[in-house]
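Here's a structure for you.
By written order: A, B, C and D. Residues from 1 in each chain.
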């Protein structure tokens, strides 16, 4: 399984990432998920979220999750980008692409990866109020 | 809910579609699904799939599905492109983007739309063997 | 009344036509139309439950009553995506 | 042994530090380390069950025995995405 992980303060250029996609002839499904900073946290308006990562551990824990995905589904490729630092409202903090032979596997693996990430990968957020 | 439907023989330019994405500040999730022609149908190697659509009815039936999505989930935008004619192996025949406030809604609506499309939208395929 | 019928997908191969017309009595149903088509195109009758029928752009059941001016489409299960 | 401890997220606010060191007896556990830190940083003790503990890059339970050279990290529930 191809794995590509970026944890970085750089903006996520989804159009470029999409243009760089590689799929073999056996693959029939690609899903991209973008998590985008919303203009409010609960009742409060915000301007951005500041993401902090424990970088070394985050990379290790993402690696364990990728191992688990590879065990469960016949995924050809995962690419995942998580921004750190200040991410403004309407910008993506997370981008995940999963490539699989069939649609159901791609959807399952993508949701599993995001669900588990939110439990174990050491990244935290702090809302920046208006 | 913003709706954009294309049924056309033109190749699907996913990078451009991604670059043209619009989301309001209340939206936190965007999913794109690409359905790609695989190199085999069952045991047989193929070079392409030829898609035929009953165009007028397909547009009407997609419209009913979009209505249903709008009733069930707070989706801001659906963009859907389905190719017709000959689509070569490794090219996308279908591209769907769903934009929602939260991830779960985006995933549910996207899967619902594709599941239901495969039941009611009058499009058929014919594999082109090697 | 004379009802135009359009065929899609491999129904064009089964019938050898893209379209046909069927003359029916007033108040004829889709089932009446199908019975007439099965006489003319016996291969179409081989899997009668796999035939989807639309009048205009909407699916209709077998007991739907046809009206002059209706356009009927016959096709196999859809396969988009 | 002397164990370096790193704090993340709002644990830096609760303790006022990015990192600290704790001197412990051989075979001390993570719980022993936490008890020492709770004495020094009482606000950290307010929600003891919400503290996640890693040794190096792996999560470890409270009864995990620490070794000289271990690097410990303390942080609240994670919130990626």
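Everything that follows uses one rule, which is that contacts are C-beta pairs under 8 Å (C-beta built on N, C-alpha and C of every residue); 3 or more make two chains touch, one makes a residue touch a chain.
Note that the structure is predicted; figures quoted are calculated from it, not measured.
Number of steps on the shortest path from chain A to chain D, with steps defined by chain touch: 1.
Shared contact partners of chain A and chain B: not a single chain qualifies.
The distance from the centre of chain C to the centre of chain D, with each centre set as the mean of the Cα atoms, comes to 73 Å.
The mean-CA centres of chain A and chain C are about 49 angstrom from one another, to the nearest whole unit. Spacing of chain B relative to chain C, judged by their CA centroids, is 28 angstrom. Residue positions of chain A touching 2 or more other chains: 35, 103, 114. In chain C, the residues that touch at least two other chains are 81. Contact between chains, per the stated criterion, is found for A-B, A-D, B-C.
Those residues of chain D lying in contact with chain A across their complex are 6, 8-10, 52, 54, 56-59, 73, 75-76, 78-81. Remark: chain A residues 14-16, 18-19, 21, 23-40, 89-90, 101, 103, 106-107, 111, 114 touch chain B in the complex. Within the complex formed with chain C, the residues of chain B that make contact are 35, 51-54, 56-61, 82, 93-94, 114, 117-126.
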